[in-house]
Amino acid sequence: MLQQCQRKATCRCSTVQNRGCGVIGMEQSYRSNMRSLSVDYSHGGKPTGFDVASMDVRAWLQQWPRVLSQLETLVVGLKRRQVSGPYNCAQFTVELYRNLVGSCKWGTAGQLMDAVREVGKELVAAKPSELAVGNMVRRVLYIIRDEYESAFSAGDGSGGGQAATSASLTSPSASRGGGGGGGGHGRANSRGESTPRGAATGGAGGAAGTAEGGGLGPSLTGMLGGQFGATDFGRSCPDLRQNVVASISELMTELRDMRGVIKEHAKDTIHANEVILTFGNSATVDAFLKAAAGGAKDGLNFRVIVAEAAPLCSGHVLAKSLAKHGIDTTVISDSAVFAMMARVNKVILSTHAVVANGGLIALNGSHAVALAANDLSVPVVCVTGLFKLCPLFPHDQDTFNCLLSPAAVMSFKDKDSMRNVEVLNPAYDYIPPNLVDLYITNMGGLQPSYIYRLLAEYYHRDDLIISPSDEQAS
Amino acid sequence: MFSHLEQNRGVLPLTSKGDIHPAILALGRKYSSGEVTGATARAVAMLMAFKQVVMDYSTPPDKMLSWDLDKRLRPMMQYLIDCRPHSVSMGNAHKALRNIIAKSPPSLPEEEAKASIVDKIKEFINTRITLAANEIAKNAITKIRDGDVILTYGRSSLVESVLVAAQQAKRGSFRVIIVDSRPGVEGRQLSETLSAEGIPCTYVLLTAISYIMREVTKVFIGASAMMSNGAVLSRVGTAVVAMMARSHNLPIMFCCETYKFCERVQLDSIVYNELGQPDDLISDASGGDVDEFKALPSLKLLNLRYDLTPIKYVTLVITEFGFLPPTSVPVLIREMTRREDKDEKY
Amino acid sequence: MDEGRKVISDDFARQLSPETALPVAAIKTLIGVIRRSTNTTIRGMEAELKEAIQLMEDKMETDSPDNSRSTISLTSGCQLFLRHVSRFVAESVGEEGFDESCKQQLLHRGERFAEVSETSREQIARLGHNFVRDGTVVLTHGYSRCALHLLLMAAETKVTLACSLREGRPDGAGFKAAAALSKVGVPVTVVLDSAVGYHMEMADLCVTGAEGVLENGGIVNKVGTFQMAVLAKAYNVPFYVAAESYKFARLFPLDQRDLPKGKIPRAPFAAPEGTPESVATFSPSVDYTSAEYITLLFTDLGALTPSAVSDELIRLYGEA
């Protein structure tokens, strides 16, 4: 029999799925009941949807072929490196999740988060070295948590106070907002005000507005406020879908506009007649330097030295692009970096990822550049979008690295003459945080020691481990 | 920024000037094409060519050998410099040659004088270069222990002979990491030689230096010249390697014969350097098209040949006289100058 | 009141055990105080708690004068608990009307706080053990249950791991830690305190505990920690500290001698025979390591950089 969904009419889901009849029968019943679903509430009371314990996420997604095919395309694209670069990977990932949240029928917030996690596992496993994918998965999870919790703490004290945790002691004070409905939620609800919705999605400004305990992670304040234990995500929340989709759309806008925001800082960072050194190619650095150079009338006059970044020599691409824009550019080989550093005013680097301690995972060879700059007291500025911020720690050079084909270093036809020689071609370098002087991000200028604060604003501690490969790096 | 530096003009046309010996002409061509490269190789080739010149020389009547020969050699040296700016090693060798000629006793008959000069040239090569290299190898291998992972940069003939000697002397099992860089990837030749000797080798480009450095226990690098302020002039990229090694607290040892010691002081790499062919930076590997680059007026290519490693990155210098801290370089130079003046034997 | 003091004293003594951390025992004692309290005003309750804290501190000093444990963590844990009480009250009741149900809630929260504090070591170990990679050599100092727990967990999951422990004179704490580690099969070497420089070039990372974590992210720990940290920095060896969050103290010392006097017990060591009387000996039992030498702090709040510690404390104590 069909049962009406507990949620409001705005929810597109009008049926609830079969849950009870045993695991074995599950697969067949899904496949055969793709369109019209029969329902049997054998477990009574609990809303159904994606149950991570008993179903494979792809099987569940087969009911929404567009989403499933989007997932499969993305997984294949990541594996084959057709989708590459943190920016592209992040965009596709977020798009996929928007469709998933919007189109698929999930029961409760907890089930949605399970589905998001399972899909995330697949994506991260497709390309573990692409940290931006995992970051976006964690951002979506955080969005869901945040929307869920603000739905229950924003003013409706009666329903909201009854969290299933020991935070029952907060219920009389819920209307005074003692810590909100559940674990680790450190928002400034102590005055009873509802948190602005926009604050959840990547706004450092929003977090600054919530004075204490910005973010959902644990904190001393949180501990004293009585937030222990995990939140129960099993309650139904009518507006959750549209709120989450709206927040994810905001995230997509943030991604899209990222470079535009970063460019605004260009003229403050670079001054006239300076010599800037950069390494390899990056669209963000390209846009940044071009913004500083400006037009013929208002532009700054400065020189750029580009280190070519062997073996792929991506620096050549950047140099040509800058020269076409009229910027005085010189290409040097990577070996000349130290020699040239004595005449350089600033180093501007891009990065593949920013890690939890404020360090960088950057293009192979960047560490030498940063070290040389440090030695000669040249400021190192890293230009990056915050979607590259990853809450994991790098334990050594191998943690987020991968070895690429040695053919780029030495072609296979030369190999005959070097029979017993091992050739290595690592993809990335780890740059410790003390070598970076400034980050210029879509949230403005930041110092490396501030990065940990942003982690709490974007990610929740329980979401750190998406896939098994993350456990090694947590 | 680099207008004060000499640019490699490429291969000069072989204008046969009457007073340039064919051996010098041939050598000049080899210099500018890059066929003969490396401080030691260039110095030895130069001395051998000049030896030939001396042997073919005949003193004109009424002229003193020492004075005339010196005058004859000057345009030849200038020709070589025009083909490619000379290295410190060549400069020092040339100075020694001029010294030998100047000290040639005027009373000697021509054939004897020539023979004596040729002998002294041979002695110089033998003592200051060949035997010195053997001594350096002997000294250096005492620093190589079983289980060492040795890193070297580019190809230095000295370091090559040290490592080969170490392998042959069976100083335990060690392996070598060769760091190389574009455009002149000389390290490949070294890795061929070493792996032929049975030494396990790893080959990486300079960009991988941070990744590979954690495995390394020692660094051996060759030098083009040793400055009086303890800094080392060497193949461009050496400073990067030394800096990275220092940040991992590894010893950085430079192998350098004393004839490469230079009285000059140098503070950074720009003050004195040599520019190579800019087009070498663009190669098939980078997928570049030279014309594309030339079409953009704002785009320049810079191909530095040398860089200067500051004294703080030099742990020690291995010479034929033993181990030397970099602060003692001017002391040794003073000592050598004193001996030369007294014309003492080494 | 003496009766009451005796009860508190006994309670405290009972809570103390080798396994329980000092602050946790203190917090449990304070919970007991609240439970037994007959006060009806919040001021009275706070005064009673403060008195109890003072009592416990005095007890620590008098009972074991040569006990090299400093009371910094005791003070910080108690301050935190006091802060918790006053915040809760400010949130829920205001200045009066401290009734039975409020007290129950307070007790409940306090108990949860104590529970969390007890499990914090587990959390820290889980967080930090991944930083100890396969085949690394770890250098550690002193007997810290927190750091040891981390290493033991690392030993379970890693293939090879070797530890060097400093002797930890004058009380030889290093040997105690070494015994615990070698029981699980970790190859351990105990080295002379003076030989840290010699061994630092072989070490891949350093781990210690802390008696107290200071406002600037620095730590107070067994004497000898500071020199190990300085050497680690010279050799670019990461220096990690494992500490529970109740050890965060509101102290900001400027130098070694700026720590509160009463909190630094001496650790006397015997001079060899024949030393003349005029030769004085002096040895503090703890020293101060400033934040610049510390790479990361593993706490139950996560892996924090030293600057994050200050942020936590500001957020906590910053508002009225």
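Points worth noting:
When the chains are written out, they are named A, B and C in that same order, and each has its own residue count from 1.
One rule holds for everything that comes next: contacts are C-beta pairs under 8 Å (C-beta built on N, C-alpha and C of every residue); 3 or more make two chains touch, one makes a residue touch a chain.
For reference, the UniProt names are A = Translation initiation factor eIF2B subunit beta; B = Translation initiation factor eIF2B subunit delta; C = Translation initiation factor eIF2B subunit alpha.
Treat the numbers as computed from the prediction; the structure is a model and nothing was measured.
At the centre of the protein atoms shown, by the Cα-centroid criterion, sits A.
Contact tally for A-B versus B-C: the pair with more C-beta pairs in contact is A-B. Taking each chain's centre as the average of its CA atoms, chain A and chain C sit 35 Å apart.
Mean C-alpha position of chain A lies 51 Å from that of chain B. Note: centroid distance chain B to chain C, computed from Cα atoms, is 59 Å. Taken residue by residue, chain A touches two or more other chains at 396, whereas all remaining positions touch fewer.
Across the assembly, chain B contributes 247 as residues in contact with two or more other chains. Looking at chain C, no residue sits in touch with two or more other chains. Listed in rising order, the residues of chain C touching chain A in the complex are 80, 83-84, 87-88, 91-92, 105, 108-109, 112-113, 115-116, 127, 130-131, 133, 245, 248, 295-296, 300-305, 307-308, 311-313, 315-316, 318-319. Across the complex, chain A meets chain B through its residues 305, 308-313, 316, 319-320, 322-324, 326-340, 342-343, 364-365, 367-368, 371-372, 375, 396-397, 401, 408-410, 414, 417-426, 429-430. The touching residues of chain B, when paired with chain A in their complex, are 1, 181-183, 188, 191-192, 195, 198, 200-212, 214, 235-237, 239-240, 243-244, 247, 268-270, 273, 281-282, 285-288, 292-293, 296-304, 306-308. Against chain B, the residues of chain C that register as touching in their complex are 201, 235-236. Considering their complex, residues 247-249 of chain B touch chain C.
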